[in-house]
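When the chains are written out, they are named A, B, C and D in that same order, and each has its own residue count from 1.
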Amino acid sequence: MNSANRGEEEDNFAALRQALRQFAEEREWDKFHSPKNLAIALSVEAAELLEHFQWVSETESAVIPPERREQVRYEMADVLLYLIRLADKLNIDLAAAAAEKIHLNADKYPIDKARGNAKKYTEL
Amino acid sequence: MNSANRGEEEDNFAALRQALRQFAEEREWDKFHSPKNLAIALSVEAAELLEHFQWVSETESAVIPPERREQVRYEMADVLLYLIRLADKLNIDLAAAAAEKIHLNADKYPIDKARGNAKKYTEL
Amino acid sequence: MNSANRGEEEDNFAALRQALRQFAEEREWDKFHSPKNLAIALSVEAAELLEHFQWVSETESAVIPPERREQVRYEMADVLLYLIRLADKLNIDLAAAAAEKIHLNADKYPIDKARGNAKKYTEL
Amino acid sequence: MNSANRGEEEDNFAALRQALRQFAEEREWDKFHSPKNLAIALSVEAAELLEHFQWVSETESAVIPPERREQVRYEMADVLLYLIRLADKLNIDLAAAAAEKIHLNADKYPIDKARGNAKKYTEL
(Lines give C-alpha, C1' and ligand atoms only; values in the text may rest on other atoms or scores of the structure.)
Protein backbone atom coordinates (compact mmCIF):
# COMPACT_ATOMS: atom_id res chain seq x y z
CA MET A 1 0.00 0.00 0.00
CA ASN A 2 1.17 3.44 -0.82
CA SER A 3 1.28 5.05 2.58
CA ALA A 4 1.44 8.53 1.09
CA ASN A 5 -2.03 7.93 -0.28
CA ARG A 6 -3.41 6.41 2.86
CA GLY A 7 -4.03 9.69 4.56
CA GLU A 8 -5.88 11.06 1.60
CA GLU A 9 -8.26 8.33 0.75
CA GLU A 10 -10.38 6.11 2.87
CA ASP A 11 -9.37 2.49 3.05
CA ASN A 12 -12.04 -0.21 3.25
CA PHE A 13 -12.14 -0.29 7.01
CA ALA A 14 -12.24 3.46 7.47
CA ALA A 15 -15.15 3.88 5.08
CA LEU A 16 -17.17 1.11 6.73
CA ARG A 17 -16.29 2.32 10.21
CA GLN A 18 -17.53 5.77 9.36
CA ALA A 19 -20.77 4.45 7.85
CA LEU A 20 -21.40 2.36 10.98
CA ARG A 21 -20.78 5.31 13.27
CA GLN A 22 -23.31 7.38 11.42
CA PHE A 23 -25.78 4.49 11.35
CA ALA A 24 -25.60 4.08 15.12
CA GLU A 25 -25.72 7.78 15.85
CA GLU A 26 -28.79 8.38 13.74
CA ARG A 27 -30.60 5.58 15.55
CA GLU A 28 -29.23 6.41 19.02
CA TRP A 29 -27.83 2.92 19.25
CA ASP A 30 -24.53 3.82 20.87
CA LYS A 31 -25.96 2.96 24.25
CA PHE A 32 -26.40 -0.64 23.10
CA HIS A 33 -22.97 -0.87 21.53
CA SER A 34 -20.83 -1.73 24.52
CA PRO A 35 -17.85 -3.90 23.53
CA LYS A 36 -19.48 -6.73 25.49
CA ASN A 37 -22.67 -6.54 23.45
CA LEU A 38 -20.80 -6.17 20.18
CA ALA A 39 -18.69 -9.23 20.96
CA ILE A 40 -21.89 -11.16 21.63
CA ALA A 41 -23.42 -9.98 18.37
CA LEU A 42 -20.27 -10.93 16.48
CA SER A 43 -20.33 -14.41 17.94
CA VAL A 44 -24.03 -14.84 17.14
CA GLU A 45 -23.46 -13.78 13.52
CA ALA A 46 -20.50 -16.15 13.20
CA ALA A 47 -22.78 -18.99 14.33
CA GLU A 48 -25.47 -17.96 11.84
CA LEU A 49 -22.82 -18.21 9.14
CA LEU A 50 -21.67 -21.59 10.43
CA GLU A 51 -25.25 -22.84 10.40
CA HIS A 52 -25.15 -22.86 6.60
CA PHE A 53 -22.39 -25.46 6.69
CA GLN A 54 -23.57 -27.60 9.57
CA TRP A 55 -24.94 -30.65 7.77
CA VAL A 56 -22.98 -30.53 4.54
CA SER A 57 -19.72 -32.35 3.93
CA GLU A 58 -16.47 -30.43 3.58
CA THR A 59 -16.53 -31.07 -0.15
CA GLU A 60 -20.12 -29.90 -0.50
CA SER A 61 -19.30 -26.78 1.50
CA ALA A 62 -17.14 -25.52 -1.36
CA VAL A 63 -20.21 -24.80 -3.44
CA ILE A 64 -23.01 -22.77 -1.91
CA PRO A 65 -26.39 -23.46 -3.54
CA PRO A 66 -27.40 -20.32 -5.48
CA GLU A 67 -30.50 -19.74 -3.32
CA ARG A 68 -28.31 -19.59 -0.19
CA ARG A 69 -25.45 -17.60 -1.60
CA GLU A 70 -26.90 -14.21 -0.79
CA GLN A 71 -27.67 -15.25 2.78
CA VAL A 72 -24.13 -16.52 3.29
CA ARG A 73 -22.76 -13.33 1.80
CA TYR A 74 -24.79 -11.18 4.17
CA GLU A 75 -23.90 -13.27 7.21
CA MET A 76 -20.25 -12.69 6.36
CA ALA A 77 -20.98 -8.99 5.98
CA ASP A 78 -22.59 -8.95 9.43
CA VAL A 79 -19.53 -10.55 11.00
CA LEU A 80 -17.31 -7.94 9.37
CA LEU A 81 -19.52 -5.03 10.37
CA TYR A 82 -19.66 -6.01 14.04
CA LEU A 83 -15.93 -6.62 14.01
CA ILE A 84 -15.25 -3.16 12.58
CA ARG A 85 -17.67 -1.59 15.04
CA LEU A 86 -16.03 -3.35 17.98
CA ALA A 87 -12.58 -2.30 16.78
CA ASP A 88 -13.81 1.27 16.58
CA LYS A 89 -15.12 1.19 20.14
CA LEU A 90 -11.84 -0.29 21.41
CA ASN A 91 -9.59 1.93 19.28
CA ILE A 92 -8.01 -1.04 17.59
CA ASP A 93 -6.52 -0.78 14.09
CA LEU A 94 -7.84 -3.98 12.53
CA ALA A 95 -5.69 -3.92 9.42
CA ALA A 96 -2.53 -3.43 11.44
CA ALA A 97 -3.54 -6.14 13.93
CA ALA A 98 -4.23 -8.60 11.11
CA ALA A 99 -0.94 -7.90 9.35
CA GLU A 100 0.92 -8.38 12.64
CA LYS A 101 -0.92 -11.59 13.38
CA ILE A 102 0.11 -13.08 10.07
CA HIS A 103 3.75 -12.42 10.93
CA LEU A 104 3.25 -13.90 14.38
CA ASN A 105 1.65 -17.00 12.87
CA ALA A 106 4.56 -17.36 10.48
CA ASP A 107 6.83 -17.66 13.52
CA LYS A 108 4.51 -20.05 15.34
CA TYR A 109 4.11 -22.25 12.29
CA PRO A 110 7.49 -22.56 10.55
CA ILE A 111 7.02 -23.94 7.05
CA ASP A 112 9.12 -27.06 7.54
CA LYS A 113 7.31 -28.12 10.70
CA ALA A 114 3.77 -27.13 9.77
CA ARG A 115 3.76 -28.41 6.22
CA GLY A 116 0.78 -30.66 5.55
CA ASN A 117 -0.40 -31.01 9.12
CA ALA A 118 -3.00 -29.18 11.15
CA LYS A 119 -1.49 -29.53 14.59
CA LYS A 120 -1.66 -26.58 16.90
CA TYR A 121 1.64 -24.78 17.29
CA THR A 122 1.87 -25.96 20.89
CA GLU A 123 1.98 -29.53 19.58
CA LEU A 124 4.46 -29.08 16.72
CA MET B 1 -13.57 5.86 -2.39
CA ASN B 2 -11.89 6.83 -5.59
CA SER B 3 -12.68 3.91 -7.86
CA ALA B 4 -10.09 5.01 -10.40
CA ASN B 5 -7.43 4.32 -7.81
CA ARG B 6 -8.85 1.04 -6.69
CA GLY B 7 -7.44 -0.93 -9.57
CA GLU B 8 -3.98 0.44 -9.00
CA GLU B 9 -3.44 -0.15 -5.38
CA GLU B 10 -4.30 -3.03 -3.16
CA ASP B 11 -7.04 -2.40 -0.68
CA ASN B 12 -6.81 -3.82 2.85
CA PHE B 13 -8.69 -6.97 2.03
CA ALA B 14 -6.76 -7.77 -1.12
CA ALA B 15 -3.41 -7.49 0.61
CA LEU B 16 -4.47 -9.70 3.51
CA ARG B 17 -6.14 -12.19 1.18
CA GLN B 18 -2.96 -12.53 -0.80
CA ALA B 19 -0.83 -12.97 2.33
CA LEU B 20 -3.18 -15.70 3.58
CA ARG B 21 -3.11 -17.52 0.25
CA GLN B 22 0.64 -17.63 0.31
CA PHE B 23 0.67 -18.68 3.95
CA ALA B 24 -1.62 -21.65 3.27
CA GLU B 25 0.18 -22.66 0.09
CA GLU B 26 3.59 -22.72 1.70
CA ARG B 27 2.26 -24.96 4.47
CA GLU B 28 0.07 -27.10 2.22
CA TRP B 29 -2.92 -26.17 4.31
CA ASP B 30 -5.40 -25.74 1.48
CA LYS B 31 -6.67 -29.24 2.07
CA PHE B 32 -7.82 -28.19 5.55
CA HIS B 33 -9.38 -24.95 4.37
CA SER B 34 -12.78 -26.12 3.24
CA PRO B 35 -15.43 -23.42 3.77
CA LYS B 36 -16.96 -25.68 6.42
CA ASN B 37 -13.72 -25.80 8.42
CA LEU B 38 -13.06 -22.11 7.96
CA ALA B 39 -16.55 -21.28 9.20
CA ILE B 40 -15.89 -23.42 12.28
CA ALA B 41 -12.56 -21.71 12.90
CA LEU B 42 -14.19 -18.30 12.54
CA SER B 43 -16.84 -19.20 15.07
CA VAL B 44 -14.26 -20.56 17.52
CA GLU B 45 -12.19 -17.38 17.27
CA ALA B 46 -15.28 -15.22 17.78
CA ALA B 47 -15.95 -17.14 20.99
CA GLU B 48 -12.36 -16.71 22.15
CA LEU B 49 -12.85 -12.99 21.67
CA LEU B 50 -16.16 -13.08 23.53
CA GLU B 51 -14.51 -14.93 26.42
CA HIS B 52 -12.64 -11.74 27.33
CA PHE B 53 -15.96 -10.03 28.03
CA GLN B 54 -17.86 -12.83 29.68
CA TRP B 55 -17.76 -11.83 33.32
CA VAL B 56 -17.32 -8.08 33.04
CA SER B 57 -20.14 -5.57 33.01
CA GLU B 58 -21.01 -3.65 29.86
CA THR B 59 -19.42 -0.56 31.36
CA GLU B 60 -16.24 -2.39 32.32
CA SER B 61 -16.05 -3.88 28.83
CA ALA B 62 -15.30 -0.43 27.41
CA VAL B 63 -11.82 -0.51 28.90
CA ILE B 64 -9.63 -3.54 28.29
CA PRO B 65 -7.01 -4.03 31.01
CA PRO B 66 -3.60 -3.30 29.43
CA GLU B 67 -2.37 -6.87 29.98
CA ARG B 68 -5.28 -8.23 27.96
CA ARG B 69 -5.31 -5.70 25.20
CA GLU B 70 -2.86 -7.51 22.96
CA GLN B 71 -4.79 -10.77 23.31
CA VAL B 72 -8.06 -9.08 22.43
CA ARG B 73 -6.40 -7.40 19.47
CA TYR B 74 -5.08 -10.69 18.15
CA GLU B 75 -8.40 -12.49 18.65
CA MET B 76 -10.00 -9.80 16.53
CA ALA B 77 -7.26 -10.25 13.94
CA ASP B 78 -7.95 -14.00 13.88
CA VAL B 79 -11.64 -13.41 13.23
CA LEU B 80 -10.79 -11.09 10.37
CA LEU B 81 -8.22 -13.43 8.85
CA TYR B 82 -10.56 -16.44 8.81
CA LEU B 83 -13.32 -14.26 7.40
CA ILE B 84 -11.11 -13.04 4.57
CA ARG B 85 -9.90 -16.57 3.89
CA LEU B 86 -13.47 -17.89 3.77
CA ALA B 87 -14.51 -15.08 1.45
CA ASP B 88 -11.61 -15.93 -0.81
CA LYS B 89 -12.62 -19.60 -0.97
CA LEU B 90 -16.23 -18.66 -1.75
CA ASN B 91 -15.36 -15.86 -4.19
CA ILE B 92 -17.19 -13.30 -2.13
CA ASP B 93 -16.23 -9.63 -2.21
CA LEU B 94 -16.36 -8.76 1.48
CA ALA B 95 -16.12 -5.01 1.11
CA ALA B 96 -18.95 -4.93 -1.41
CA ALA B 97 -21.09 -7.28 0.70
CA ALA B 98 -20.58 -5.12 3.79
CA ALA B 99 -21.43 -1.90 1.96
CA GLU B 100 -24.58 -3.51 0.58
CA LYS B 101 -25.55 -4.84 3.98
CA ILE B 102 -25.38 -1.38 5.52
CA HIS B 103 -27.81 -0.12 2.88
CA LEU B 104 -30.07 -3.09 3.49
CA ASN B 105 -30.01 -2.43 7.23
CA ALA B 106 -30.89 1.20 6.64
CA ASP B 107 -34.09 -0.01 4.94
CA LYS B 108 -34.84 -2.57 7.64
CA TYR B 109 -34.27 -0.06 10.43
CA PRO B 110 -35.76 3.28 9.41
CA ILE B 111 -34.45 6.02 11.66
CA ASP B 112 -37.81 7.11 13.01
CA LYS B 113 -38.85 3.59 14.01
CA ALA B 114 -35.52 2.30 15.23
CA ARG B 115 -34.43 5.31 17.22
CA GLY B 116 -33.41 4.42 20.73
CA ASN B 117 -34.64 0.85 20.74
CA ALA B 118 -32.95 -2.45 20.03
CA LYS B 119 -35.91 -4.39 18.69
CA LYS B 120 -35.32 -6.69 15.76
CA TYR B 121 -36.64 -5.32 12.47
CA THR B 122 -39.30 -8.04 12.42
CA GLU B 123 -40.70 -6.55 15.63
CA LEU B 124 -40.60 -2.87 14.69
CA MET C 1 -39.68 -43.07 34.33
CA ASN C 2 -41.45 -44.09 37.48
CA SER C 3 -43.01 -40.84 38.59
CA ALA C 4 -43.78 -42.21 42.03
CA ASN C 5 -40.04 -42.42 42.62
CA ARG C 6 -39.25 -39.07 41.19
CA GLY C 7 -40.24 -37.17 44.25
CA GLU C 8 -38.15 -39.33 46.49
CA GLU C 9 -34.87 -39.37 44.76
CA GLU C 10 -32.93 -36.66 43.04
CA ASP C 11 -32.75 -36.96 39.30
CA ASN C 12 -29.51 -36.06 37.50
CA PHE C 13 -30.46 -32.48 36.89
CA ALA C 14 -31.68 -31.79 40.39
CA ALA C 15 -28.50 -33.10 41.97
CA LEU C 16 -26.26 -31.07 39.69
CA ARG C 17 -28.44 -27.99 40.04
CA GLN C 18 -28.15 -28.19 43.79
CA ALA C 19 -24.38 -28.66 43.68
CA LEU C 20 -24.03 -25.62 41.41
CA ARG C 21 -26.19 -23.48 43.67
CA GLN C 22 -24.02 -24.31 46.63
CA PHE C 23 -20.86 -23.75 44.62
CA ALA C 24 -21.95 -20.26 43.58
CA GLU C 25 -23.23 -19.33 47.01
CA GLU C 26 -20.03 -20.32 48.76
CA ARG C 27 -18.02 -18.18 46.35
CA GLU C 28 -20.51 -15.28 46.22
CA TRP C 29 -20.75 -15.72 42.48
CA ASP C 30 -24.48 -15.17 42.16
CA LYS C 31 -23.88 -11.56 41.22
CA PHE C 32 -21.99 -12.74 38.11
CA HIS C 33 -24.59 -15.33 37.16
CA SER C 34 -27.09 -13.22 35.29
CA PRO C 35 -28.82 -15.22 32.54
CA LYS C 36 -27.00 -13.03 30.02
CA ASN C 37 -23.59 -13.94 31.42
CA LEU C 38 -24.48 -17.61 31.76
CA ALA C 39 -25.64 -17.71 28.14
CA ILE C 40 -22.31 -16.18 27.10
CA ALA C 41 -20.38 -18.72 29.16
CA LEU C 42 -22.40 -21.56 27.67
CA SER C 43 -21.64 -20.36 24.16
CA VAL C 44 -17.94 -19.98 24.92
CA GLU C 45 -17.77 -23.52 26.31
CA ALA C 46 -19.61 -24.91 23.28
CA ALA C 47 -16.96 -23.29 21.08
CA GLU C 48 -14.16 -24.74 23.18
CA LEU C 49 -15.71 -28.13 22.62
CA LEU C 50 -16.04 -27.47 18.89
CA GLU C 51 -12.40 -26.46 18.72
CA HIS C 52 -11.41 -30.08 19.26
CA PHE C 53 -13.11 -31.02 16.00
CA GLN C 54 -12.20 -28.06 13.87
CA TRP C 55 -9.48 -29.49 11.64
CA VAL C 56 -10.39 -33.17 11.71
CA SER C 57 -12.59 -34.89 9.15
CA GLU C 58 -16.03 -36.14 10.10
CA THR C 59 -14.72 -39.69 10.08
CA GLU C 60 -11.74 -38.83 12.27
CA SER C 61 -14.04 -37.02 14.67
CA ALA C 62 -15.59 -40.33 15.70
CA VAL C 63 -12.45 -41.28 17.59
CA ILE C 64 -10.99 -38.84 20.06
CA PRO C 65 -7.24 -39.34 20.59
CA PRO C 66 -6.77 -40.67 24.16
CA GLU C 67 -4.75 -37.61 25.23
CA ARG C 68 -7.65 -35.34 24.29
CA ARG C 69 -10.48 -37.43 25.60
CA GLU C 70 -10.46 -36.00 29.09
CA GLN C 71 -10.46 -32.44 27.77
CA VAL C 72 -13.40 -33.16 25.49
CA ARG C 73 -15.23 -34.81 28.35
CA TYR C 74 -14.74 -31.79 30.60
CA GLU C 75 -15.75 -29.33 27.89
CA MET C 76 -19.00 -31.26 27.55
CA ALA C 77 -19.41 -31.16 31.32
CA ASP C 78 -18.91 -27.38 31.28
CA VAL C 79 -21.63 -26.97 28.66
CA LEU C 80 -24.00 -29.05 30.75
CA LEU C 81 -23.21 -27.23 33.98
CA TYR C 82 -23.82 -23.78 32.53
CA LEU C 83 -26.99 -25.01 30.90
CA ILE C 84 -28.31 -26.38 34.19
CA ARG C 85 -27.30 -23.20 36.00
CA LEU C 86 -29.06 -21.02 33.41
CA ALA C 87 -32.17 -23.21 33.60
CA ASP C 88 -32.14 -22.80 37.36
CA LYS C 89 -31.94 -19.01 37.11
CA LEU C 90 -34.80 -18.94 34.59
CA ASN C 91 -36.93 -21.53 36.39
CA ILE C 92 -36.94 -23.81 33.39
CA ASP C 93 -37.38 -27.56 33.75
CA LEU C 94 -34.73 -28.83 31.35
CA ALA C 95 -35.80 -32.45 31.28
CA ALA C 96 -39.39 -31.51 30.53
CA ALA C 97 -38.34 -29.01 27.87
CA ALA C 98 -36.13 -31.59 26.17
CA ALA C 99 -38.84 -34.25 26.19
CA GLU C 100 -41.31 -31.77 24.71
CA LYS C 101 -38.82 -30.66 22.07
CA ILE C 102 -38.36 -34.24 20.87
CA HIS C 103 -42.11 -34.52 20.37
CA LEU C 104 -42.16 -31.20 18.56
CA ASN C 105 -39.31 -32.31 16.31
CA ALA C 106 -41.16 -35.52 15.51
CA ASP C 107 -43.99 -33.38 14.15
CA LYS C 108 -41.65 -31.07 12.24
CA TYR C 109 -39.74 -33.95 10.73
CA PRO C 110 -42.20 -36.70 9.75
CA ILE C 111 -40.33 -39.94 9.11
CA ASP C 112 -41.41 -40.34 5.49
CA LYS C 113 -40.34 -36.83 4.52
CA ALA C 114 -37.19 -36.51 6.59
CA ARG C 115 -35.73 -39.94 5.91
CA GLY C 116 -32.15 -39.77 4.73
CA ASN C 117 -31.98 -36.03 4.18
CA ALA C 118 -30.79 -33.17 6.34
CA LYS C 119 -33.05 -30.43 5.04
CA LYS C 120 -34.48 -28.01 7.52
CA TYR C 121 -38.14 -28.58 8.25
CA THR C 122 -39.01 -25.33 6.53
CA GLU C 123 -37.62 -26.82 3.32
CA LEU C 124 -39.19 -30.28 3.50
CA MET D 1 -28.80 -40.83 44.45
CA ASN D 2 -29.82 -44.34 45.33
CA SER D 3 -27.47 -46.39 43.22
CA ALA D 4 -29.45 -49.57 43.77
CA ASN D 5 -32.29 -47.96 41.89
CA ARG D 6 -30.15 -46.57 39.14
CA GLY D 7 -29.86 -49.82 37.28
CA GLU D 8 -33.57 -50.37 37.33
CA GLU D 9 -34.92 -47.11 36.19
CA GLU D 10 -33.83 -44.78 33.48
CA ASP D 11 -32.28 -41.55 34.60
CA ASN D 12 -32.99 -38.33 32.68
CA PHE D 13 -30.04 -38.69 30.37
CA ALA D 14 -30.64 -42.33 29.54
CA ALA D 15 -34.27 -41.73 28.61
CA LEU D 16 -33.43 -38.79 26.36
CA ARG D 17 -30.46 -40.60 24.84
CA GLN D 18 -32.66 -43.51 23.93
CA ALA D 19 -35.34 -41.26 22.42
CA LEU D 20 -32.72 -39.49 20.31
CA ARG D 21 -31.27 -42.76 19.08
CA GLN D 22 -34.64 -43.90 17.92
CA PHE D 23 -35.37 -40.53 16.34
CA ALA D 24 -32.17 -40.63 14.28
CA GLU D 25 -32.56 -44.27 13.31
CA GLU D 26 -36.11 -43.82 12.06
CA ARG D 27 -34.99 -40.93 9.89
CA GLU D 28 -31.66 -42.47 8.81
CA TRP D 29 -29.85 -39.50 10.22
CA ASP D 30 -26.95 -41.37 11.76
CA LYS D 31 -24.86 -40.60 8.71
CA PHE D 32 -25.15 -36.88 9.49
CA HIS D 33 -24.43 -37.31 13.19
CA SER D 34 -20.64 -37.37 13.20
CA PRO D 35 -19.24 -35.87 16.40
CA LYS D 36 -17.89 -33.01 14.31
CA ASN D 37 -21.35 -32.16 12.97
CA LEU D 38 -23.00 -32.57 16.36
CA ALA D 39 -20.44 -30.24 17.94
CA ILE D 40 -21.22 -27.67 15.24
CA ALA D 41 -24.96 -28.04 15.83
CA LEU D 42 -24.48 -27.65 19.57
CA SER D 43 -22.50 -24.48 19.08
CA VAL D 44 -25.10 -23.06 16.68
CA GLU D 45 -27.90 -23.76 19.16
CA ALA D 46 -25.93 -22.16 21.99
CA ALA D 47 -25.62 -19.02 19.86
CA GLU D 48 -29.34 -19.04 19.09
CA LEU D 49 -29.94 -19.12 22.82
CA LEU D 50 -27.44 -16.31 23.39
CA GLU D 51 -29.17 -14.23 20.72
CA HIS D 52 -32.12 -13.76 23.07
CA PHE D 53 -29.87 -11.95 25.52
CA GLN D 54 -27.72 -9.95 23.15
CA TRP D 55 -29.15 -6.46 23.49
CA VAL D 56 -30.66 -6.66 26.96
CA SER D 57 -28.89 -5.64 30.14
CA GLU D 58 -27.83 -8.21 32.69
CA THR D 59 -30.67 -7.12 34.94
CA GLU D 60 -33.24 -7.34 32.16
CA SER D 61 -31.96 -10.78 31.23
CA ALA D 62 -33.33 -12.17 34.51
CA VAL D 63 -36.87 -11.84 33.21
CA ILE D 64 -37.70 -13.31 29.83
CA PRO D 65 -40.72 -11.61 28.20
CA PRO D 66 -43.58 -14.15 28.16
CA GLU D 67 -43.72 -14.22 24.35
CA ARG D 68 -40.07 -15.28 24.19
CA ARG D 69 -40.07 -17.72 27.04
CA GLU D 70 -41.07 -20.73 25.00
CA GLN D 71 -38.40 -19.99 22.39
CA VAL D 72 -35.72 -19.69 25.06
CA ARG D 73 -36.91 -22.91 26.63
CA TYR D 74 -36.70 -24.78 23.34
CA GLU D 75 -33.27 -23.37 22.50
CA MET D 76 -32.08 -24.70 25.84
CA ALA D 77 -33.67 -28.04 25.02
CA ASP D 78 -31.84 -28.11 21.69
CA VAL D 79 -28.51 -27.51 23.38
CA LEU D 80 -29.20 -30.36 25.78
CA LEU D 81 -30.36 -32.75 23.07
CA TYR D 82 -27.28 -32.23 20.90
CA LEU D 83 -25.07 -32.55 23.94
CA ILE D 84 -26.65 -35.86 24.91
CA ARG D 85 -26.45 -37.09 21.33
CA LEU D 86 -22.77 -36.17 21.10
CA ALA D 87 -22.05 -37.87 24.43
CA ASP D 88 -23.78 -40.98 23.14
CA LYS D 89 -21.66 -41.03 19.97
CA LEU D 90 -18.46 -40.57 22.01
CA ASN D 91 -19.44 -42.98 24.80
CA ILE D 92 -19.18 -40.30 27.41
CA ASP D 93 -21.17 -40.46 30.64
CA LEU D 94 -22.37 -36.88 30.93
CA ALA D 95 -23.67 -37.06 34.47
CA ALA D 96 -20.42 -38.56 35.72
CA ALA D 97 -18.34 -36.02 33.78
CA ALA D 98 -20.37 -33.14 35.21
CA ALA D 99 -20.10 -34.40 38.78
CA GLU D 100 -16.34 -34.81 38.35
CA LYS D 101 -15.99 -31.35 36.84
CA ILE D 102 -17.69 -29.76 39.84
CA HIS D 103 -15.13 -31.39 42.12
CA LEU D 104 -12.32 -30.27 39.85
CA ASN D 105 -13.66 -26.72 39.88
CA ALA D 106 -13.83 -26.78 43.65
CA ASP D 107 -10.10 -27.43 43.68
CA LYS D 108 -9.37 -24.79 41.04
CA TYR D 109 -11.47 -22.20 42.82
CA PRO D 110 -10.89 -22.49 46.58
CA ILE D 111 -13.60 -20.62 48.44
CA ASP D 112 -11.28 -18.20 50.22
CA LYS D 113 -9.51 -17.14 47.04
CA ALA D 114 -12.46 -17.12 44.67
CA ARG D 115 -14.97 -15.43 46.93
CA GLY D 116 -16.60 -12.46 45.25
CA ASN D 117 -14.34 -12.27 42.23
CA ALA D 118 -14.63 -13.66 38.72
CA LYS D 119 -10.96 -14.12 37.92
CA LYS D 120 -9.95 -17.20 36.03
CA TYR D 121 -8.24 -19.80 38.22
CA THR D 122 -4.97 -19.17 36.41
CA GLU D 123 -5.07 -15.61 37.71
CA LEU D 124 -6.08 -16.28 41.31
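Everything below uses one rule, namely that a contact is a pair of C-beta atoms (placed from the backbone, for glycine too) under 8 Å apart; a residue touches a chain by one contact, two chains touch by 3 or more.
Worth saying up front: this structure is predicted, and the values here are computed from it rather than measured.
S.K.: Please report the minimal path length, in steps, between chain B and chain C on the chain touch graph.
M.R.: The least step count works out to 1.
S.K.: Using the touch rule from the top, work out which pair, B-D or A-D, shares more C-beta pairs.
M.R.: Counting C-beta pairs in contact, A-D comes out ahead.
S.K.: Please tell me whether the contact surfaces of chain A and chain B are same or different in residue numbering, using the over-half criterion.
M.R.: same
S.K.: Just how far, in Å, is the C-alpha centre of chain D from the one of chain A?
M.R.: Roughly 28 Å, centre to centre.
S.K.: Averaging only over C-alpha atoms, locate the centres of chain A and chain B and give their separation in whole Å.
M.R.: 2
S.K.: For chain D, write out the residues touching at least two other chains, lowest number first.
M.R.: 32, 37, 40, 43, 46-47, 50, 53, 55-58, 118
S.K.: Considering only the defined contacts, which chain D positions touch chain C in the complex?
M.R.: 1-2, 5, 9-13, 15-16, 19-20, 23, 26-29, 32, 34-37, 39-40, 42-43, 46-47, 49-50, 52-53, 56-59, 61-62, 64, 72-74, 76-81, 83-84, 86-87, 89-90, 92, 94-95, 97-102, 104-106, 109, 111, 114-116, 118
S.K.: Would you pull the chain D residues touching chain B in the complex into a rising list?
M.R.: For this pair, the touching residues of chain D are 40, 43, 47, 55-58, 118.
S.K.: In their shared complex, at which residues does chain C touch chain B?
M.R.: 32, 37, 40-41, 43-44, 46-48, 50-51, 53-55
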